[in-house]
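Following this line, the structures themselves.
The same subunit A turns up in both complexes below, where it pairs with subunit B and then with subunit C.
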Partner chain A sequence: MTIDAFIAAFADLLDETDPAEITADTYFQELDEWSSLSNLSVIALVKTEYDKTITVKEIRACETVGDLYNYIENEG
Partner chain B sequence: MKGKTILVTGASSGIGRQVAIRCAARGARVVLTARREEALQETLRSLEGEGHLYIPADLTKSGELEALAAQVPELDGIVHCAGMSERVPVKLISKDHIERLMGLNFSATVLLQTELLKKRKLNKGASIVFVASRAASYPSPGNAIYSASKGALISYAKCLGLELAGQKIRVNCICPAMVWTDLITGQGLDEAELREAEKRYPLKRFGEPSDVANLAAFLLSDESAWMTGSCIDLTGGGEGTLI
Partner chain C sequence: MAFIRAVSYYLPEQVVTNEDLIREFPEWSVDKIASKVGVLQRHVAGPDETAGDLAEKAARKLFAEYGIAPAEIDFVLLCTQSPDYFLPTTACLLQDRLGIPTTAGALDFDLGCSGCIYGLALAKGLIAGGVANNVLLLTAETYNKYIHPSDKGNRSIFGDGAAACLVSREGFAEIGEFVLGTDGSRFRDLIVGTGAARVHERTAAEYPDEEGGLVREDYLYMNGGRIFNFTLEVVPPLVDAVTVRNGNTKEQIDYYIFHQANKFMLNTIRKICAIPKDKFYLDLEQVGNTVSSTVLIGLKNCLDELKFAPGMQVVLAGFGVGLSWGATLLRF
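Entry: the complex of A and B
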């Protein structure tokens, strides 16, 4: 998955944030709508797109959307 | 439970394994099934007594399900523990997700029961136990399809109980709240968060597989002879809440 496709998929997980606001540099855990459910959404996205299992702890260790992308691509 | 033969599905780990151990400890002969042969052998090694056997089978494959039903001896009890969980927010529910969860938790469980009945494997007076979940009636984020699969199972079990009452075969469901198995720890949830959540339960802990096994053993025994069509909550006072 390219970084752009990942950013678009990530933006789709959100309900209230304007997709245009999401970039590789977005500190996603600081978004107003970020919640435990958002973590589950990321887990489901990674499972569907990469067939990998990422944990809440691993998601929390990432700061930006770009960090998350790199982590999943390389290690998750 | 001496002299009784009990089939336990999902016997390779978690609740199923503990149910098998408890039944054997109370004198029953246990027939174990699950997909993974090595894990079944490990369960078998932890059983007291003799005469137990295991039959590896993937219940979602009809050929394997039929072969299992053909191979099992006549039964005095069944504990349907095979099941899976996968938390997905409603916006991301896919056909695959529905088929995986409903396929095992509901369809495979029901179809195994059908095969066992067709092959006349249940003795008069047998007891059938389904491990359902509090999730069937209590919502939790990401749990929509899992909850639906357990709700479907409970509705099915009530009809099954009615149809089998004439043969004095009893059917009951156990609805546990959160129980420490890889069903909850293997989903990427943070263990520290789970440890926090269990403190919110009135009895200050989630369940252990042995808690469920104790109730299953009671439902399989003649001590529960007047119970059928029941759904028993087993919750430590909690509601099944997680996040």
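Entry: the complex of A and C
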């Protein structure tokens, strides 16, 4: 998945945030609507799109959407 | 051969709506609970109402709806993690309260979200082994008694309730082959840590987990991320395995009733398993996650809607605390 496709998929997980606000540099855990349920959405995205497993601990260790993308592509 | 002859359920009278929860947790929204968790309201047992009480009422409903005499029952299986007493066994009390003959066997077994499947496996085994002819399988849970009042996540998900099922040598659906599994190494992912023998005294300990959640040792703790990952890992191969074990291909399965954990988790599993929406039971709106009773409640609701015709094949699957999982197939 390209970084642009990932950003679009990530923005799609959110309910209240304008997708145009999401970039590779977005500090996603600081979004107003970010919650424990958002972590589960990321787990589901990684499983369905990459067939990989990511833990909440690993998600929380990433700061930006770009960090998360790189982690999943390289490690997860 | 063993069959399901009857199924029913009972929910306690007290109802907690999403509006009730929002009054306590104003930072939350009704829409968010409804859209993510899929629950609009949940039933909660009263202060003096136990899992044994709920199980008794479910059994009485079953007897009334199907014209079953208690004298027919020769074995009682009760699945609960909220027994009335440490000892004696709640199923023994239910033998007496339900007027079941003293010649019947009775026992509790301690499982949660996989419990209905294990109960069907045990009942089938008792019948196949010639031990019993009419097994009353009861599932009853009052998790709300274990949940801390400030734990909005678990309070939004879990409802209390009980289900009853009669497993006999004849009935409307034959119970097929089973696939079961257990991973006790992950026992801390869903736990009430104190009160039993390992840590008998309450500790009042609270500390953060690695997900930013809070572990309260004296109350129900669920590590949402780990349980979610467990489910995504275990359930798709479980469904494949039980399909093959019963001599079927996926195309031959008419319907799926999984443990109703929460809407988001079920939708994700459904997508991974590539199950069409119209073959997949999803209804937590009025009852929430009733732990071991969700599969039988789903089965009863489907029967009431006349969803199943003779010849249809339905996969049942349960998964959760233990960690424990299991699946079987019903042939109508």
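The rule is short, and it goes like this: the second predicted complex is superposed on the first by the 76 of 76 C-alpha atoms of A that agree within 3 Å, B and C clash if a C-alpha of one lies under 4 Å from a C-alpha of the other, contacts with A are read in each partner's own complex, and residues count from 1 in each chain.
Heads up, the rule we're going with is that contacts are C-beta pairs under 8 Å (C-beta built on N, C-alpha and C of every residue); 3 or more make two chains touch, one makes a residue touch a chain.
What you see is a predicted model, and the numbers here were worked out from it, not measured in a lab.
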- [ ] Return first, second, both or neither, reflecting whether A:22 touches subunit B, subunit C, both chains, or no partner chain.
- [x] neither
Task: subunit C versus subunit B, contacts on subunit A by residue - done: B
TODO: In the overlay, answer first, second, both or neither for which of subunit B and subunit C A:13 touches.
DONE: first
Open item on the list: Quick one: is A:37 in contact with subunit B, with subunit C, with both, or with neither? Answer first, second, both or neither.
Closed with: both
TODO: Using the touch definition from the top, say if A:56 reaches subunit B (first), subunit C (second), both or neither.
DONE: both
TODO: Please write out, lowest number first, the residues of subunit A touched by both subunit B and subunit C across the two complexes.
DONE: 15, 36-37, 39-41, 43-44, 47-48, 53, 55-57, 60
Open item on the list: Help me check something: in the complex, which residues belonging to subunit C touch subunit A?
Closed with: 32, 35-36, 153, 210-213, 224-226, 228-229, 232-233, 264-265, 268, 271-272
Open item on the list: Residue numbers of subunit A touching subunit C in their complex, please.
Closed with: 15, 36-37, 39-41, 43-44, 47-48, 53, 55-57, 60
- [ ] Could you please specify the touching residues of subunit A with respect to subunit B in the complex?
- [x] 13, 15, 36-37, 39-41, 43-45, 47-48, 53-58, 60
Task: Touch list for subunit B against partner subunit A, complex - done: 86-89, 91-92, 94, 141-142, 186-190, 193, 243
